[in-house]
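Same chain, two partners: subunit A is paired with subunit B first, then with subunit C.
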Partner chain A sequence: MTPFELAEPKSLKEAVGLLDADDPTIRPIAGGTALMLMMKAGVFRPSKLVSLGGIKELRSIAIANGELKVGATTPLAVLEHSDEVRNHAPVITRTLRTLSNIRVRNVATVGGALAHADPHMDLPPVLIALGARVVVQGKKGERTIPIADLFAGYYETVLAKDELIASLIVPAQNGRRAAYLKCTTRAVHDWPALGVAVSLATEGNGIKDVSIVVSAATETPRRLAGAEKAAQGASDEAGWRRAGEAAAEEAELITDAQGSAAYKKQLVRVHVARALRAALGAE
Partner chain B sequence: MRPARGHDGISVMATRTIGSGQVGRSVPRLEGAAKVTGRADYVHNLRLPKMLIGKIFRSTVAHGRIKSIDVSAAKALPGVYRVVTIDDIKAVIPHPFYGPAFHDQPILADGKVHYVGEPVAVVLATDPHIAEEAASLIEADYDELPAVFDEIEAMTSKAVVHDELKPAGTFPDLKHLKGKKDTNIALDFHLRRGDTKKAFAEAEHVFEHTFRSQQVLHVPLEPFVSVAELTETGLTIHTASQSPSFVRIEIARLLGWPENKVRVKVPYLGGGFGAKLYIKLEALVAALALLVQRPVKISLTMEEQFYTLTKHAATFRIKSAVKNGKVTGRDCEVWWNGGAYADIGPRITQKSGFTAPGPYDIENVSIDSYSLYTNLTPAGALRGFGIPQLVWAYESHTDMMARSLKLDPVDFRRNNILRDGRAQATGTAMKDAAIEAVLDRLALRMNMKAPFDRGTGTLKKGRGIAVGFKASISPTTSIAIVNIAADGSVTLYCSTVDMGQGSDTANAQFVAEILNVPAESVKVVHPDTDVTPYDMATLGSRSLYHMGNAVRLAAEDAKAKLAALAREVGVPEGSNVPVAELFQKKYKMQAGNIIGTGSYIPNYVPPDANGLTPDATPFWMVGGTGVEVEVDTETGHVKVTKMINVADVGRPVNPRIVETQLSGAATMQFGFTMQEKIEFDGGQITNASFADYKIPSIVDIPRTMQNEAVESEQGTGPFGAKGVGESGTFGVSPAIANAIEDACGVRLTELPLTAEKIYRALRTAQGKPLED
Partner chain C sequence: MRTINFTLNGEQVSAHVAEHQSIVEVLRDRFDLFGARESCAQGLCGCCTVLVDGTAVSGCLYLAAFADGKKVTTIEGLAQNGKLTPIQEAFLEAGAAQCGFCTPGFVLMAGQLLEAHPDPDDDEIRHYLSGNLCRCAAYPEIIAAVKLAAGRLRAGRT
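After this line comes the complex of A and B, so read on.
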């Protein structure tokens, strides 16, 4: 690591002002759990880091108009233990318990967990399935981006270099059920080889309106429209399996250290079916 | 939440104290409080005035001639003190090559590089960040040479790793080493006993299988670290080393100095597992300190451990002749992937190699074991010293034969087991090796004869066992000094390194037992070659036996001198006059010492041309593991739900430490079995970080793990004891593979046993193989 400048703004506006759309060596830093590793490995050499830690307005959890609103620098552990979060979308609470470890969750932030854009991360698929969005602050003002549209590629978001995620908004779930299955292949506590998030409404015994998202095995977290269609109305094991089959056909899978694409196809097949079953059994 | 872990403990042993009650008691670790309160000393914390930090620039090619090394940009970086290459090193050490078996390893690359990650240059600076930055500015240009990575290919490869072989001649058991010029063979060991040809010709069944073990890492949580400083009398090296005496002798040899000018000090180690043996960073920091006349420290990162030493990958082809349920002949061929420098690989090849036929009574055996150079990170000792690679093969093979012959796997083993008095492959008669007792206890505790729930639907259950054994290395020497002060307090001086295995505590127990004081009151002085006497090294589970014997002799010597003192001052024999009064009577004040010394080297007969010897080892270690597993047949995921480790450790000196040594060893081997693997791509390691190289955490290991030491006594051991550090590793891998086949009918022959491999094998068995 070589020396760099550290800025500690007190407000969101001030922070945005310190960023530069054309200079990739200036970056915001929140918990630093991802960024510091990149700096230690020498893949990121900053000229300036803009710390978001001192911005009080970004550390918050609130319910407004039936929606859950979380400030970007809220630590994941705070989210994990929040009653508001558990009441609003218990799948987030359950997911956080399997996300890394207590030490990382104590310092890693919601904004970092979204902006880092490593496709193996756990929150993005869950939040996509829940229909969540982020509010983004730029020099010219605010814009809102559905999380489904946030990721541009491997470790890439659609954010400009001088934009910051200000908050996360999870809409009212209105009794929808959700589940997230994290499938690891090298150790129980590992980055997932595959993440599957589903959120659904039911009608009678059957699935009504479902979103199925896969992550980790794909370049970015993706909704699978074909699998969602196949799951429509499904009410039994054969139904979940049909959806799993459709998902396996549809997902574009990557071979990496956690497994071959051919194997991950089987994992998708099995875990989409299991996730649907789990969601139907969930609160 | 998971339920609490099952710890059945070793209640059998807890009551087996003797004499004054110090041996056989679960004395809490003497250093426990210091460690958990952060007061224990580690080299990592050492800072000396004017100390420079070294950062290493490493090779990016697997095999090549160095055309040029451009250090100009590194030198120009403000704050850099000096950049050093091998040419500079030669100014202080003209022949800068070291190693325990061959003097093949240069302090920095000399003309050639032999693996990706080999140290090529060092930057010195007071600020480690500047040193690191400068190291990244160095550029080297290579003429790349053909490289060889696979141990089988290395047997015949045109790519030859070393142009010249340089046997070290240091250790008596490696005196015969020559190496084969223009090949990659550092050592080939051959053993022939009986007539295998005849056995195979007369067999009812012949089985042949090939198994492979992968490269894995030791992962001590304290990476390698060494500091060298010049003193008015010579050189002091502070190092996280398992072999301070070897370091002193080897550094003295490199410098052409007498031993007493080199002082090696070792505080506690944050784990070693065989990695921190012989020379690692010590020669480099010594040369650097001499060169710049300032203290120099090098501490590696976690990532750099991947470029320092690994466990041997190995391929083992095993072939057995069976007649009437008896194994009558066995052919073993083992190829050990030694990496770019021999390190201690040749000893593994021979010493572990001669146990390759397993703990079975087989009349006719042949063993060919090859230590091979390849263009990978050097391989060396790792908890088990080659034995887990062998047991992986022979105990998988045993189950495969039993299954094919429709024989019960326990009965088949018992039918062939090697009993005391019978000759092992080398011809050495077995003694004090409770192999059958380990098998019996394992079978009993695993309830192998009782019916078993095989699971339902896509979740299948199975169980398996495996038993292995190991010979202690020989001949090696340990020396100890026991010092009784005038107030009766006792200090032990020895060079055994406590790296977390509890040797300080056990050695204190021996002294305490003999001198009839509480073990907690004995002070153990840590290795400091100016103060503590010679010890071969802390390795191969040898210390409890060898140092234990030396400590016992030293304490007995002190006790005899104490008795003589009592006689001298007129105290009748058997009286309970306090020790302090004896000193008072003699010196008229609190003054004086009694010094007891002990030296131990066991008998040993080197193998003859056929690899045979009547005295191969001072003692045998025996370990077995049984597991129950659940296999998810839709994904190949395996959960080991129960693990039982049983071992022959002789008489347990400290039952609690025995238990944690067994569970620790088994946990480590569990990681090597299920998940750990160093991945190479053209000689380049692609997962040199703990984000991608996954060691087991508490949620990975079996929920229930029980450990037991069988009733046993090592006749020649101190108070009947023998080593325990590795026995828990032996049976783990094959027991799990055997259980997986029992559960779902597929057999894996390559470690690690990943979910994908199992799923692929299931698909292949269904006639629907998964595409690549």
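After this line comes the complex of A and C, so read on.
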């Protein structure tokens, strides 16, 4: 790694003040598990990193007005073992258990898992399906961004270089059920070739209102409106399969080391149907 | 460069480090502790495992500067007065190593497992150790060692 300066602010305001809208070589660092890989590979050579580890106000989990609020530097392992999180959205707890490994989850943070914007990450599609949003702090104040609108491209977010994710908010789920499935093609611990997150309500035996999100196989995690429409009212195996077919037609898939676009099309077809079935059987 | 102060295997130490150095580099270069070693360099293999404030981290992905004021434990810090821990003894008895390169990481992660789950089943053992790779594939012996250690630790507590 190339040398850099390390600033250690004690407050969110101080941290934002150290960032520069016009200088992409200054970046915040929280756990650093993802940034360290980029720096070791030489694809990121920062002049200065602003460590968020000393900002106590950013590390918290709370329920307020029926919503789950998580501070940005809360480690993923803390989220994984939180009763508040398990009660609010058990799909998050289940997802975290298979996200990377225990050591990485001990260090990596919620805000980092969103700001890094690697489309292969597990939390973004789940949080989009749950209708979650982030509160972002800039020099002129804060704004709220739905996570569905956070990702601008491969490793790109809509955040300005002098903005920081301060917290994550997951709205009340009101009995909705959710599931996340991922498919790794080379080794279990590899980045997934495909992630599928679904969240749905039911009416009778059928699906009433569903979010279907694909990740890893696409440039950014994204909802599939056509597949959601196809899944509406579905109440049996044929219905899940119809939604899977619609998703396979709709998703813009990319070829990479995890598999070809044609192969991922088949993965989408199968896993969207499976994810709907899993969500209906989930808590 | 900056000076960091931390507790290393129970002893108060300080080191002059560069901001971009990882904790595993500092342990090896400044303190001659070679039990944690960088292997995959991506946090996947577990060979660089160290404990920071009692929690396992990948030393190759952890900036040394972040250890300032914290308590760092390496494999060298487990044995007290030359006496191995029950987990270390169990690894020896079960033959849970061939070349031994990955063993420090496995022993430290097994310690994390048994603190949280004193009587783990095979699935829980696999879950905790899934982030550690043994290229000699001593996995059956490693699982046997963890069970042996778990039984002894439980017996020791009662």
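By our rule, the second predicted complex is superposed on the first by the 283 of 283 C-alpha atoms of A that agree within 3 Å, B and C clash if a C-alpha of one lies under 4 Å from a C-alpha of the other, contacts with A are read in each partner's own complex, and residues count from 1 in each chain.
As a working rule, a contact is a pair of C-beta atoms (placed from the backbone, for glycine too) under 8 Å apart; a residue touches a chain by one contact, two chains touch by 3 or more.
Just so it is clear, the structure is predicted and the values come from calculations on it, not from any experiment.
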Exercise. Give one of first, second, both or neither to describe whether A:V188 is in contact with subunit B, with subunit C, with both, or with none.
Key: both
Quiz item: Now for A:G42: first (subunit B), second (subunit C), both, or neither, which partner does it touch?
Solution: first
Quiz prompt | First, second, both or neither for A:G32, with subunit B first and subunit C second | solution = second
Quiz item: Which of the two partners, first being subunit B and second being subunit C, lies in contact with A:G259: first, second, both, or neither?
Solution: first
Exercise. Answer with first, second, both or neither: which of subunit B and subunit C does A:T2 touch in the superposed model?
Key: both
Quiz item: Which holds for A:V270: it touches subunit B only (first), subunit C only (second), both, or neither?
Solution: first
Quiz item: Where does A:A152 make contact in the superposed view: on subunit B (first), on subunit C (second), on both, or on neither?
Solution: neither
Self-check item: Intersection of subunit A interface sets (partners subunit B, subunit C)
Solution: 1-3, 37, 188-189
Exercise. State the interface residues of subunit B toward subunit A in the complex, per the touch definition above.
Key: 129, 132-133, 136, 634-635, 675, 679, 686-687, 689, 691-692, 694-697, 699-700, 754-756, 759-760, 770-772
Self-check item: subunit A to subunit C touching residues, read off their complex
Solution: 1-6, 32-33, 36-37, 39-40, 49, 51, 53, 77, 97, 100-104, 106-107, 188-189
Quiz item: Okay, in this complex, where on subunit A does subunit B touch?
Solution: 1-3, 37, 41-42, 183, 185-191, 257, 259-260, 262-263, 266-267, 270
Self-check item: Residue numbers on subunit C that touch subunit A, as the complex places them
Solution: 2, 18-20, 22, 41-44, 46, 49, 55-58, 60-63, 65-66, 109, 112, 127-128, 130-131
